[in-house]
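Quick one: the structure is below, questions incoming.
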Amino acid sequence: MLKVRFFSLIREALDCEELNLEFTTETVTIDDVKRRLSAQGGVDWQDVLMQPNVVHALNHRVVDSSQALSDGDEIAFFPPMTGG
Amino acid sequence: MLKVRFFSLIREALDCEELNLEFTTETVTIDDVKRRLSAQGGVDWQDVLMQPNVVHALNHRVVDSSQALSDGDEIAFFPPMTGG
Amino acid sequence: MSVLVQEQAFEVREQYEQVLSNSPGAALVAFTGYVRDICDYGVVEALELEHYPGMTEKVLDDIGMAAAQRFSLLGWRIVHRFGVLQEGEPIVWVGVAAAHRGEAFAGCQFIMDTLKTRAPFWKKEHLKEGGAIWVASKEQDEQREREWRDSTL
Amino acid sequence: MSVLVQEQAFEVREQYEQVLSNSPGAALVAFTGYVRDICDYGVVEALELEHYPGMTEKVLDDIGMAAAQRFSLLGWRIVHRFGVLQEGEPIVWVGVAAAHRGEAFAGCQFIMDTLKTRAPFWKKEHLKEGGAIWVASKEQDEQREREWRDSTL
């Protein structure tokens, strides 16, 4: 199972904080996860997740969207940070 | 009258905190004051006051030793500052 | 050598003590960021700060340790609040101690510049006139973080 | 917008409040300098600070006002102690507030660099092994102050 979390503007736009996704041979990278969520969520999800400035984290570290995944991983999608 | 004050290493070397000097036509600049103090204090005073890094203040502002004086002025001699 | 992420206010004297607790150091530089009263869209009533629990602490710890190594820091502490904060309230406090002031200034600035673009916090400004808007990330902040990466200092 | 020169210790929270008292500002940078434990000649037991009453306050005020103008500061405060201070005790605290963090860091650094070479304070280090020595001014400090004078920032 993959845990997928959404923050800030993306959480609001998708109206979703968190979901679980089965880990399969079709969800090998973060890009695969984005494609699968876009397919099942429809055009609204696609618009949000495919924005060029979406940041991806894997197990609490920012990574490239081509990053390979393992079963049990926690993935997160969020806009650029604005702390401090 | 001119008030002359000494601080830090210079105060210790001269064993003097403060003295008054009559304001005359021969004490027109800070350089004149140094010459007069060296003449009356002897070679020890001359050695201390003629050191190249001595800082001169006139009425609480650092000035050049050629600065012209007025009666009632406060002059001070001290080494480079080391605060902070 | 420590990170504090919390909703509540913090006592500034305690933070100084934390920075100095391990090693005295001769120079301490501390940055505090407060909720602004004005933003691009009007007068700010409150700031809402969302963060990513778990990731936040890890990233702040990485940033502090990187700064400590790069600038020979003798102590450091990063305090960042989340939740709803009123205008004028402190949001973030970063303190670093070093043997010399140059390292302390640079270390504190490095932490702030890096934290701005790397720590998972998101600000939403609630306006006095009503409505709320997510703060957009600034190109200037990205630029500052890149400069540290390119610099050999 | 204020200078405090005193022998006693000071409360850090009060200094923050002083800096913010006139205008909130979104960024505050504060520097604290402490008595070092080691010097070139041995272990430091205490530091004796002599100053020039009357001139000190005037020079610190000039430096603060120059910084305020140059870096658009919204608030500033300079606290400097004199007399005999023990190892680890705070000597100086400089806090500045500005709308943005870049100005706050630069303003605080400018005040420290200028104060080091322009404010009439002299340090004498009392060693644990006995004896005392006047601290020599550093060429590096003079250099830093010159750089601000030559800079157009």
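Note that the chains are named A, B, C and D in the order they appear, and that numbering of residues resets to 1 at the start of each chain.
To be clear about the criterion, contacts are C-beta pairs under 8 Å (C-beta built on N, C-alpha and C of every residue); 3 or more make two chains touch, one makes a residue touch a chain.
Quantities reported herein were computed from a predicted structural model and do not represent experimental measurements.
When chain centres are set by their Cα atoms, the one at the greatest distance from chain D is A. Here the spacing of chain B and chain C, counted between their Cα centres, is 49 Å.
Centre-to-centre separation between chain B and chain D, using Cα means, comes to 26 Å. Taken residue by residue, chain D touches two or more other chains at 33, 112, whereas all remaining positions touch fewer. Chain B has no residue in contact with two or more other chains. A list of each chain pair in contact follows: A-C, B-D, C-D. Every residue of chain A that touches chain C in the complex is listed here, in rising order: 5, 7-9, 57, 60-62, 76, 78-84. The part of chain C that touches chain A in the complex is made up of residues 33, 49-52, 54-55, 58-59, 80, 91-92, 112, 115-124, 134-137, 142. In the complex of the two chains, the chain C residues touching chain D come out as 11-13, 16, 20, 24-37, 87-88, 101, 104-105, 108-109, 112.
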